[in-house]
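Just so it is clear, A, B and C label the chains in written order, and each chain counts residues from 1 on its own.
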Amino acid sequence: MAKYILRRIAQMIPVFLGVTLALFVLRIPGVIPGDPIQLIVGERELTPALRAEIEEENHLNDPLVAQYYYYIRDLVHGDLGTSYQKNREVVDILFDKFPNTFRLALAAIVVEIIIGILAGIISAVKQYSFWDVLVTVGTSVFVSVPVFWLGLLLQMFLGIKLKQWTGGSVFLPISGMGNPPDFVHIILPAITLASVSTAYVARIMRSQMLESMGQDYIRTARAKGLTDRAVIFKHALKNALIPVVTYIGIDVGALMGGAILTESVFSWPGVGREIFLAVSQRDWPVVMGGVIVIVFIVMIVNLLVDISYAALDPRIRYGGASE
Amino acid sequence: MALLEVKNLKTQFTTRDGVVRAVDGATFSLESGKTLAIVGESGSGKSVTALSIMRLIAGPQGKIAEGEITLAGVNILGMSDAQVRAMRGDRIAMIFQDPMTSLNPVFRVGHQIGESLRVHKGMNKRDADAKAIELLDLVGIPHAAERVRDYPHQFSGGMRQRAMIAMALACEPDILIADEPTTALDVTIQAQILELMMELQKRTGAAIIMITHDLGVVAEMADDVLVMYAGKQIEYAPADDLFYDPLHPYTWGLLDSLPRHDIVDKGTLCPIEGQPPSLIDVPSGCAFHPRCPYAQSRCTAESPQLRDLGDGHRVACHFAGEPDFLRRCMTPGGEGV
Amino acid sequence: MHPPTEPSEGTAPIQVESTQPGGAAARPSRTLWGDAIIRLRKNKLAIAGLIWLVIVVTAVLSADLWVPKYFANPISTEFASLESPSAAHPFGTDRIGRDAFSRVVYGGRVSLAVGVLAVSISVVIGLLLGTLAAYYGGFWDAMIMRTADIFFAFPYTLFAIVLLAILGPSFWNVFIAIGILGWPSIARVLRSSILSVKENEYVDAAHAMGASNWRIMTRHILPNAIAPIIVYGTMSVGGAILTEAALSFLGMGVQAPTPSWGVMLSEAKSLMVAAPWLTVYPGFAILTTVLAFVLIGDGLRDALDVKMKD
């Protein structure tokens, strides 16, 4: 098991380096339109002396390999540079916004788990029933729906229209986090963010349950006189749940990186939105720093998911047969 | 009264292409402590017969259309769901062909063995675990106390089957149904498993229904033999009678298609011509007639009933028992009529 | 955001080639593709999706013939602004007086074009690299798969946004970007599909009969391995359409005045109170079109009996 973990970490490192390299390439003048030095200087006048000073400071005259080295060195020390626009350390900016994205992702995961797993199980157990058809068609629809459109619709109907219909008393907030942040504000964004993933979870849960229930060991369990409930919720479910848990784990990472659309629609002050704004303002340190951090978190989460998969499936946790 | 009596069992499955008559009129009985072998090719209905006894036929496509199955006088087919569940694992237990897929990979072996004890005998976890160790020991698994915490994939094939036997015997059932228990195992392991089963039978006094296509297994273990073909019961006799005085042409074919190791002058094998029929479109009259070298016009028209020819030997053939109805193809040196 | 697809496992074995031509209902087909078509025909949802898709594609491709004539020119701003839906303007008009219905239809061109083109790029690159990786194995396999891993490490939407920031937002760059982002999935699916087919014994049998590597690859392995790609590709078109809409919504994709469903939605955002219909219809168009691809993809997957691991 330890060997398995080490191997996975060893696989991760070159990929992470590859990511840093890809991002580093973006920083090379000429790759992205716009003069980076002008961006750093901003409004101030760019004299040749100032230019030389900045170039020196940022190692821009050194060979590329050296620049990459400095880049990695800074990274390891947690220095992601300074924002062009805001004159703040990138790390500070991200630190501010990350908890918000994390909160949103967590809320979405909760929705995903509860609704997705339940729907999947019910759909599989009562195959071909009305419920099953509802879930099957419903998941197909939710997988096809544009997330941001769903957000807009929710804003429209549960926010604006609901407010109109109830004369302003009952409605769900449609933007921001609230000041001070409160629970009500997270409802709509969380539902929006969770929607597509919940559909996937339900689908996977359903297909895994169906597969599990068709296995020989289910017949054995019945032959031992176990009740239907025990057969389904103990024997079938435990097997079926493993891939589902894996998917949800991976989804955590995906949600963190993909929340940008939801955050934009709901003006949720999270990392995704921050990065997007930085892209429009050409604030590359923030963009690169943000992406690196998200990639890193996603990798760690995926590693944890892999480990937990090995832990959950006894066939991987313990080796092969012994006489 | 026999421990288990099956009368005219008919089990069917409704499919898109028609009604599959998987079992079409099986009648037999089983005494305590005895072993009944049910023999036949794939698709002959032997497994379905066993599953019917356990009421494990999956509706709505599958159903037991007709018949009576009585266990110590109580009709199994009339039982409520709760009663059936109480019976399964406790009074009748079953082991299946492939122990790897028949054991749940995510639960420990000891846990699975102890499950029937917890469900039927109300044992708590500690007692059930202790009994599981005893049972593993009983079926010949070394270091039972450690192995009980292993997962199925950590056992070898033979050991898994032993574990399944332990699981089946946990509640000391009256009847053990074994559906091709050795087919998926190596030949040497096969012998061990069969020996184990016979030993346990002597110890516990359980009756065994052994489902197999292997006549060698039948010869080892069976007291009585039931031969099935296309869902129908075509011969039913004590084991000795079946081997030394078989009366149905299909049985002759089965025995003749066995390569014999003990014959020096080996002639050619006499396989049975043709393929087993579809269970939806069963041939008219006698189901075996398209492949029977002795078939006559009566066989196409009329379905033979199971006739008792004395000493508990029953055959479903129009001509069985007639003095000039002789076995034509004989392995050299083998016994003929 | 990822293309709508479903994790599972394995591939379909090829069946004996039929000697009968074409096979109507009377003679059940024995080829992989023949069987698949029969199964597909029975799948009502997939047929519905196919019909809708045909309607949409025909309507969209022939737009020039009927939209300006019966409705309006999509970029003409001559109409009253923010009119609610009526007979003349089934989807209403937008803030600067353009007819929303014609914009939705013409927007369909952009979405479908991006969808198909992007997936084509992904499939071409993915097929090439996936086959190379599976066929040569070893160093090439490692290189290609590590590169794919690097692509996978980036969160999809962010990656697309950054890529477009570099390339500059436009119709062309959008489908190139989506295409580039899509090859790793295709390569991975193809590679695992090829590898599992390679394991099958009939490949050994072909070897034993003296078939050359190339022949084995093209005649035996690829036809079987290709089935998951067809399914994945179909569903990817749906995903590409969603991605294009999202990017255009954020302003990183197709630029005004070219009508695109995503652009229309971003314009509609600020008009939710004044003109709710502007939000509803373009989004609905996206939903139904993508749904059609998803249903067809599902149907293909069931018909070809493909199970794919994500």
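Convention: a residue touches a chain if its C-beta (ideal position, glycine included) is under 8 Å from a C-beta of that chain, and two chains touch if they have at least 3 such contacts.
Everything numeric here is computed off the predicted structure, so don't read it as measured data.
Novice: Starting at chain A, how many touching-chain steps does it take at least to reach chain C?
Specialist: Graph distance in the chain contact network comes out at 1.
Novice: Which two chains are joined by the greatest number of C-beta pairs in contact?
Specialist: A-C
Novice: Mind checking the centre-to-centre distance between chain A and chain C? Centres are C-alpha means, answer in whole Å.
Specialist: Using C-alpha averages as centres, the distance is 23 Å.
Novice: How many angstrom between the C-alpha centroids of chain C and chain B?
Specialist: Computed value for the inter-centroid distance: 53 Å.
Novice: Taking the mean of the CA coordinates per chain, how far is chain A from chain B in Å?
Specialist: 55
Novice: Can you tell me which positions in chain A touch chain C when the two form their complex?
Specialist: 11, 14-16, 18-19, 22, 26, 31-33, 137, 140-141, 143-149, 152-153, 155-156, 160, 196, 200, 203-204, 207, 243, 247, 253-254, 256-258, 260-261, 264-265, 272, 275-276, 279-280, 282, 287, 291, 294-295, 298-299
Novice: Quick one: which bits of chain C touch chain A in the complex? Just the residue numbers, please.
Specialist: Answer in residue numbers: 1-2, 4, 6-8, 45, 146-147, 149-150, 153-158, 161-162, 165-166, 168, 238, 242, 245-246, 249-252, 262, 265, 268-269, 272-273, 276, 279-280, 283, 286-287, 290-291, 293-295, 298, 310.
Novice: Could you pull out which chain A residues touch chain B in their complex?
Specialist: Residue positions touching the partner: 215-217, 219-227, 230, 235, 238-239, 242, 312-315, 318-323.
Novice: Taking the complex as given, what residues does chain B use to touch chain A?
Specialist: 54, 56, 84-90, 93-94, 96, 98, 101-108, 115-116, 119-120, 150-151, 153-156, 159, 164, 167
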